[in-house]
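Chain IDs A, B and C follow the sequence of writing; residue 1 opens each chain.
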């Protein structure tokens, strides 16, 4: 297998404080890699480093064989990395449909003049965008929602799914999901799990931050464990579950409870 | 000649600094630009003018009157144009900017209605007293302006660094939420800041009247624009940046008028900020802004 | 038999209304990417002076001067927009305000070119030039049943109407395309927009210069509708007035700004006492709008409701 994304000794510090230090791991094409760790361990910072919101202060990030350091966030999206946010960041005043259509931006190209003149090519492109949007809404289970409804009016769980649909519209090869099941009940979490599996079947590699341990254990092929901005363990879920360092750092010094 | 121009420049710079401090205090605490500050300052000048030229009271009383008038306008501004926006969650940062622009337009035109568009003489009893030191002439008014502005700057620095209230204000400026958690009544702190800044505007108004010998309803706008330029130049929210920026602008304007194209005097401020924004967007004394979260 | 009801004064008010509508559109475009510009009076100034000077000093045909005025203003927009983009909203607002003041200072001081504070007089007026050209071709306004002053006012109004309609149609269409969606995404959440692959800087500069260009166009048309311009026409107050159009009418949709510009131009005409207090009213309006209806009178949900109500009435 070939590494789709690899991080080599990546570090990020803010004003001298290291938020991430010495992070090295790879994500194989087609796998689901889980990133776990206590709050403040640097998981979301890692996503921000990969997507260039916070350019790394040390080390290199290599995507698909090429370093992506120095690229602006939109260029990284163009290369094929898409993400969701921990605290959902939809375009709240836009409709459900438009949110997904925006996601299609980097896979379409009509500019001002073609748009205003409605050239044949532009109309074809818009049709394609709408079709793809419908498919994606169906994929995430929002086919029943009114596509013209404002995104902020959707129930919370639907907003999470809409965000996933939006990021899939960019046709990513790597999808970064930041706590997709946060704040969801058991049934909804199961649906998210199903959705992640469906997304993987599309051939998308997934990097998953999640606190719900049962979801992580079921969904992920491998796990990387963070604590205080460093990687403390890496391996398949079964091994991580037994790793004493992980148990101590993450689940607490005593034998872990269910919802650590 | 050169020395005299330098003294003129420093006097003007002192006034600019006081005007800029009014902006920078509010920006430091609230993170907003109070576009109405210039007009509050203008009303302070008018109250001072009425007291000195029309009622004939001594200058210190005129200062107190201008301070009282400007401070109460600051209070009203906060109560009616800023606080309602603070209560609404998700109000965009442009909302308060637009709201204070509204107040500034309202006040400027109210002044037009009340005082007319013409110039009003601002006569001080000692406007002709001057000293001669060699070839250099210094007017008493200039010395007074410089003294008062230095006093205010020193007072403000001391107040911010030494007193409890000043420290609370700085904590609020640092982080509104944390200050709230630490038990600082942030709402009161914000109101206090706007009121103090406005009061300083009142002082600056009288100083401008003394310096130029006349005032009109447009000085709020013209001085306000310079104050804005200075805080961009000196770094938003930086107290020392406002002081230094004020002096630099005062000096450069004076020298351009003396030795260069006088008509462009009012454009200097903005040419400077456009250059500063290109070269050093955080300003001379400002710190690079990192917005933390994406 | 002249058409008596065609009042040149009303047509003139209509022409100014259309120019204000264009200005409303110009600020809407910049705001649609979440950028607040207080420099649109400056861009308008560039457009107006360019057009006026090209026709008075170089004898360039009016349409060419107008086009060049708009293009020059748009290019100035790129120059101002590009560096200002590194700045957050407040800095941009002040930098653009400064830009407007610098432009005005240049107009006042470069006397040999701009005529200084006096301004440019005898700018060819569109309607008169058209009338003269038609007269050469053997047409007299009487043939259409119009007095000459009626013809002049009417032709200016119609030219402005056509241009304004075109501009509005252009941006209404743009709103519904990939570019329009990118603008809206940037306004709503810049970071999320960037994460979705939208080159934020590019679109912000694009929107900023489009706004500048429309301001310049409005200025150029203004110069050729009034035949006299001076720096006083492009002060900070004009910039605020333009902002009020969008804030009052609604900055969430193009039609909001159009409505705002139209309503606030007609209001002082309809109510005499309003015109004395117009600027005070604008100030009050800004504060009240920010407190009670920051999205403006017209916003997308309202438009949707109207649309739905009409759809229900139809069958």
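Following the convention adopted for this analysis, a contact is a pair of C-beta atoms (placed from the backbone, for glycine too) under 8 Å apart; a residue touches a chain by one contact, two chains touch by 3 or more.
Computed from a predicted model, the values in this text were never measured in an experiment.
When you average the Cα atoms of each chain and compare centres, the chain farthest from chain A turns out to be B.
Legend note: the chain whose CA centroid lies nearest the centroid of all displayed protein CA atoms is C. A straight line joining the Cα centres of chain A and chain C is 43 Å long. One inter-chain figure worth recording: chain A and chain B are separated by 48 Å, centre to centre, where each centre is the mean of the chain's CA atoms. Rounded to a whole number, the gap between the C-alpha centres of chain B and chain C is 33 angstrom.
Residue positions of chain A touching 2 or more other chains, listed in rising order: 53.
Each of residues 191 in chain C touches at least two other chains. Counting partner chains per residue, chain B shows two or more touched chains at residues 294. Listing the residues of chain B that touch chain C in their complex gives 32-33, 80-81, 84-85, 88, 91-99, 101-110, 113, 221, 225, 228-229, 232, 236, 261, 263-264, 266-267, 269-271, 273-274, 277-278, 281, 289, 294. Residues of chain C that touch chain A in their complex: 170, 173-174, 177-182, 184-185, 188-189, 191-200, 206, 252, 300-301, 304. In the complex of the two chains, the chain C residues touching chain B come out as 36, 83-84, 86-91, 93-95, 97-99, 101-102, 105-106, 108-109, 191, 236-237, 240, 243, 247, 277, 279-280, 282-291, 294. In the complex of the two chains, the chain A residues touching chain C come out as 51, 53, 72-75, 77-78, 82-83, 85, 89-94, 98, 101-106, 108, 110-112, 115-116, 118, 122, 125-126, 129, 148, 150, 166-167, 170.
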